[in-house]
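Letters A, B, C and D mark the chains as written, and numbering starts fresh at 1 in each.
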Amino acid sequence: MELQIDRKAVTRCRKSAAAIADPVQAFIERHSTVSVERSVLRLLGVDGVDADGAPVPNAIVESLEAGELARGVAVTFGRALVKTGLEPNALGERIASGALKLAEFRDVPKDTARDAVTGHARKALERLRTSRDERHELLQRFPQLPPPLLYMIVATGNIYEDRTAAVAAAEAGAQIIAVIRSTGQSLLDFVPYGPTTEGFGGTYATQANFAIMRAALDEVSRRLGRYVMLTNYASGLCMPEIAAMAALERLDMLLNDSMYGILFRDINMKRTFVDQHFSRKLNAASGIIINTGEDNYLTTADAVEQAPAVLASQFINEELAHRAGMPDRQIGLGDAYEIDPNLEDGFLLEVAQAQLARQIFPNSPLKYMPPTKHMTGDIFKGHLVDAMFNLTSVMTGQTIHLCGILTEAIHTPFLGDRALSLENARYIMKTARHFGEDIVPKPGGRIEARANDVLSECEILLERVAARGLMQAIEAGTFADVKRSPDGGRGFEGVFARGTDYWNPFEEMLS
Amino acid sequence: MIKPYGDTLNDGKVQLSFTLPIPWSEAADEAARQLVVKMGFADVQVVEGRAVAENFSFFIVYASTPQTIDFESLAIPSVKTHKMTMDEIDALIEERVGRKIRVAGACIGTDAHTVGIDAILNMKGYQGDYGLERYKMFETFNRGSQVAVEDLVRFTKEKKIDALLASQVVTQKGSDVKNFTALVELLEAESLRDNVILCCGGPRMTSLLATELGYDAGFGRGTLPSEVAAFIATRMVHRVD
Amino acid sequence: MELQIDRKAVTRCRKSAAAIADPVQAFIERHSTVSVERSVLRLLGVDGVDADGAPVPNAIVESLEAGELARGVAVTFGRALVKTGLEPNALGERIASGALKLAEFRDVPKDTARDAVTGHARKALERLRTSRDERHELLQRFPQLPPPLLYMIVATGNIYEDRTAAVAAAEAGAQIIAVIRSTGQSLLDFVPYGPTTEGFGGTYATQANFAIMRAALDEVSRRLGRYVMLTNYASGLCMPEIAAMAALERLDMLLNDSMYGILFRDINMKRTFVDQHFSRKLNAASGIIINTGEDNYLTTADAVEQAPAVLASQFINEELAHRAGMPDRQIGLGDAYEIDPNLEDGFLLEVAQAQLARQIFPNSPLKYMPPTKHMTGDIFKGHLVDAMFNLTSVMTGQTIHLCGILTEAIHTPFLGDRALSLENARYIMKTARHFGEDIVPKPGGRIEARANDVLSECEILLERVAARGLMQAIEAGTFADVKRSPDGGRGFEGVFARGTDYWNPFEEMLS
Amino acid sequence: MIKPYGDTLNDGKVQLSFTLPIPWSEAADEAARQLVVKMGFADVQVVEGRAVAENFSFFIVYASTPQTIDFESLAIPSVKTHKMTMDEIDALIEERVGRKIRVAGACIGTDAHTVGIDAILNMKGYQGDYGLERYKMFETFNRGSQVAVEDLVRFTKEKKIDALLASQVVTQKGSDVKNFTALVELLEAESLRDNVILCCGGPRMTSLLATELGYDAGFGRGTLPSEVAAFIATRMVHRVD
């Protein structure tokens, strides 16, 4: 299937996206955040919690004075490493317990400190690379089924129940398992610790939980002879830390968007821009595919109207990801099937939108989200809407396919619901496997016209944003009808200007 | 007395589906059958049974229930008996209450699903039916999402709210009932319960459940703003009289 | 949607079909059957049953000697009409009760007898035409929704329960109601009488049952403001009689195939050919749309292999219907969605087959049957297969759409099952309403290639049949792997050669 | 003891759907809920309720059953315990029976659904598994459809049939059970019951039901010819021994 679209408009959109990214990128390069610094510590090997249950990386970063923080945590921590001769984790624990204070080590020369840190940082990057190579090797040994890759969520709140559910889903055909996070975790300014069994509408993202799930999926991958991927959320106030943890535990994908937190979680935009950049640098290095969150425009407002905003956000996400060094093959741009099922020809509009994204981002793995908003208690109808979504996905060659579930409007999925959902996707994608290849949209027909309308409205939108500046545009409510001020929202206090001697070993090594 | 209807009056036909935590086998089908017999059904047919994972099997069953229900004599409170238009409601309030009714709404607890309460309150409304903000005779306060019960009660007191609307969409592990109950209890503790018309809503709400929880009314899936407006207006008129 | 197909091959197929029909038609014109004669009586107004419950038309025809039968029942019956001065129905009752014997009236001159019969025959045709005009007028006043026309079956065995079910189905969106016949009725050499409440897997087709259902549907048509059609089966040993009854009771469609009874019910082929011709003459006059039974090839054997046979049968049915004076708009050719849902690209094959028929028979209302054979107890999966069938139907512009039911493999439909089925069809046909119009099959792609393969195999098949003769081809097992001999099968004893003075008033008037 | 599994062990979650012969209203939803409560379910949620016709409403319900089943101690006869190939079965018969086994099959009563019994008997078989006609050591007689029980019994006697296979696909109003019972009774009346291995089959058949009806084995949906062949061969060996 191939739409005739205005290629020049696409080029102009990319130009606007670059113009939009320029000032944002300039801002990013002059700033850091507490979460970026905490990720540096985590990568160096600092982990654990203090007596109050606060994570050690938080405790350390909080113990820094403002002036010190502007230099980045690395040098200061390096000084203590040199002086104490401790491993990072042991050192971290001592600092967190109050047994040691970072201020004690001010006299260690900067270069010595840097060298000490650099050694550990190399090891960290080594671990990231090993993990990436391991994934590569596993994918060779246990090849996945061809895309659309069936992506299935688990969300019991208890990591051990999640594990049961995830293994069952993999056995039933899932190729990617997402552990939905406990509600509100994106607003926590720290990452919970250890295995957890009480989440709400989802399970906490913790490094221990990542490891438990990864081990279970590795086991089932071997058993099924196909690699089952794992994904979680690098969103919210701990974006880069989760990216670090995910890299270490060999997650394969992460929800990670440059604007989602701003618009849908009221997280400060400066914080978000800085955090997304560093988290994406890590994702780039660890070979993790990001999934962006454009679906949220569609679930919270009218899906027919929001199509240009979705495309605009895809262009911006792409541009900002490129600037963090991510190759196209790791940029999973979001979209969703959310048009009212009772709209005449709604299916044609969905096909247009999905195919448009496919042609504009030919090398990116698109992430396609299922119907949720218009799902009701009528599971029979819902199953059909999911089928049309599945058909659209296979027709337009989507890559990461979140399976829609017939009980979407009722409860977080039951084990049997997941099986029915996977059966639905497998049936439709097989019976219509090459349908998309075998048809041509009628030139000037409804599908093509819709695609070009969306593209040209997107172009106008991006131009407007470029003219205004992204931060100002968000302030003016250009996206998702939501207005956010540059210094408002959660986590603003954690953003700081870099001092002239700011140093982040990973940033340096990953440039 | 009525029964489920398959293709003949009173045949009692019901479709069931469920998962059992056992590997599939012929014996698993039989276990499913016996389980449904134990549930009290007759003429149990396991029409589908299959593995959905190594240790889980899924079943589809048709069976007849002997249970009946006396529909005629069911006394079910309904808050949607007579339909009224926006103009009629405004007129009623203007005439009989003589001032604007002050309405506050919120999605309480940790619930962030505001689409439902927004559908009732926002100007735009729901499915072509205008929201309360559009009415001349309502003064509305939409408190948004994740509003703590304490904050909402404080607000009610401060703003002399006449009608309070609480929403809960997440129902997992009974969180909705917990939060709704907390709201009533706090209102009572503050001696505010009798001052307000108290309504709750959400996709799983029913009038009966609302009454049991101590609310004046409850609104479920598909509620239109005008239904809520009519209820508030009528109640308010009663109070004034 | 438009396939590039070999138009010349289509012309050649039609030529072969004509060559196939020629000798069959010659045979038909030289013969009549007991059922044809009974329909003559029924049209003249003879009805009721005798003391043993045998229908009066049967009793009369059976009372004729072989020699007399060869002249047709009309003249003989006309003689009695003249002599007794009775109305046909009263006369019939007397004959059936033994009070009168046809042999008594031999002395009435042939022409007088003919005149008497002709008067009644005119009235009968008048009634047929009134009924046709009434349908026409109702369709103007209560226009149907645009096709695909949703066709729904009822099958409780009890006409009164059927009525409840039919009214509910109409309220839920059905546009055509079919009352499935009790199993085995096609093998009865008489039509049961009166309202019936005990059928097996269906309800007896009787004139009283037709009237009860028609009245209920007329009432609901008025209430809903759209005309709800009624259909039944003119198949089996009483084909022309049912066509007569249906015409009188204003049914709108009838299952009526030129070969179905032969192949799938082992009814004698000569009987079938003669009966189908007269029944179709009646259908033509009463404006009834016939539905042919090609779906049976697909349910009883492999659907992928049987596609050419389906097309061949459509050509033969078309040709024979034309010869009975039916216009294209009344020839509802059959097809079905019966390819294994687990076959890769099965959907593409279905689209090819459905679209091929649409293009070859552009003015015929196609009758499209749902998946049945591959339906299982998994109602969730079944609902999806039905959805793909619905999609194919709306994409390829089918006309008469038999709604698939998710419980097909379990029980004759429940009331709620029908509602879900209609909801499925309505949803898919709305969300994808103009999808077929908006796409072009890729030239030389899988769909087009399949369509042309089916067409060229059909051409070969038809040529072979034309060369052999249809009766001989059936004898050799060319269709549906079934072999039937020309003088074998049920009902052969009811076929007779017309005498030189054979007369059938309706045949004459309808030529 | 096990229970249905929704998302947590023993949560007992079951999905139900049914139609009630009443017009839809909020009260109808509540009637549906109470009916399911009467069926013995807890935590009943009517997630969908709507009119499907003027006087009929359709409901979808999720609820928890308190019922459990002791799967471990269920003694369920299975005829499909060990898998054997065609060659193994032929070899077994050749060695241990020493002659061809004579098998007759038919779709009895007024039932004309021959696809199922053909799948078992015809050369071609079912889902890649060859039918009994293909085996060296079976001599098969496929009697086709709508075979009267009397005719089948007469044939059994005449041809000295070793194994008799009866099929029933139509199950409406218990017609399958009626016909199957008639067959056993006639065989007994003719003192032929002990001479044959008697099997029945059809989409709704289970081993347990077959045993209750007095058959040696029953085969349900998805049966493969080799499973039937293995059963007959093994039984025949027992007889001979």
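In this text, contacts are C-beta pairs under 8 Å (C-beta built on N, C-alpha and C of every residue); 3 or more make two chains touch, one makes a residue touch a chain.
What you are looking at is a predicted structure, and each value in this text was computed from that prediction instead of being measured.
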{"item": "Relative to chain D, chain with the most remote C-alpha centre", "value": "A"}
{"item": "Rounded Å distance between chain B and chain C, as computed from the means of their C-alpha atoms", "value": "51"}
{"item": "Where chain A and chain C are represented by their mean Cα positions, the distance between them in whole Å", "value": "60"}
{"item": "Euclidean distance of C-alpha centroids - chain B vs chain D, Å", "value": "43"}
{"item": "Per-residue multi-chain contacts in chain A, two or more chains", "value": "376-377, 380, 409, 411-412, 414-416, 420"}
{"item": "Per-residue multi-chain contacts in chain D, two or more chains", "value": "5-6, 13, 15, 17-19, 45-47, 56"}
{"item": "Chain contact graph, described as a line, ring, star, complete graph or other shape", "value": "complete"}
{"item": "Complex contact set, residues of chain D against chain C", "value": "17-19, 52-56, 58, 110, 112, 115, 170-172, 175, 203, 221"}
{"item": "Residues of chain C defined as touching chain B within the complex", "value": "156, 161, 165, 376-380, 407, 409-416"}
{"item": "Chain C residues touching chain D - in the complex, by the definition given at the top", "value": "167-169, 171-172, 183-184, 200-201, 300, 376-377, 409, 411-412, 414-416, 419-420"}
{"item": "Chain C-facing residues of chain B, complex", "value": "5-8, 13, 15, 45-48, 50, 60, 62"}
{"item": "Interfacial residue positions of chain A with respect to chain C in the complex", "value": "341-348, 351, 380-381, 383-385, 387-388, 391, 406, 420, 423-424, 427-428, 430-435, 437-442, 445-447"}
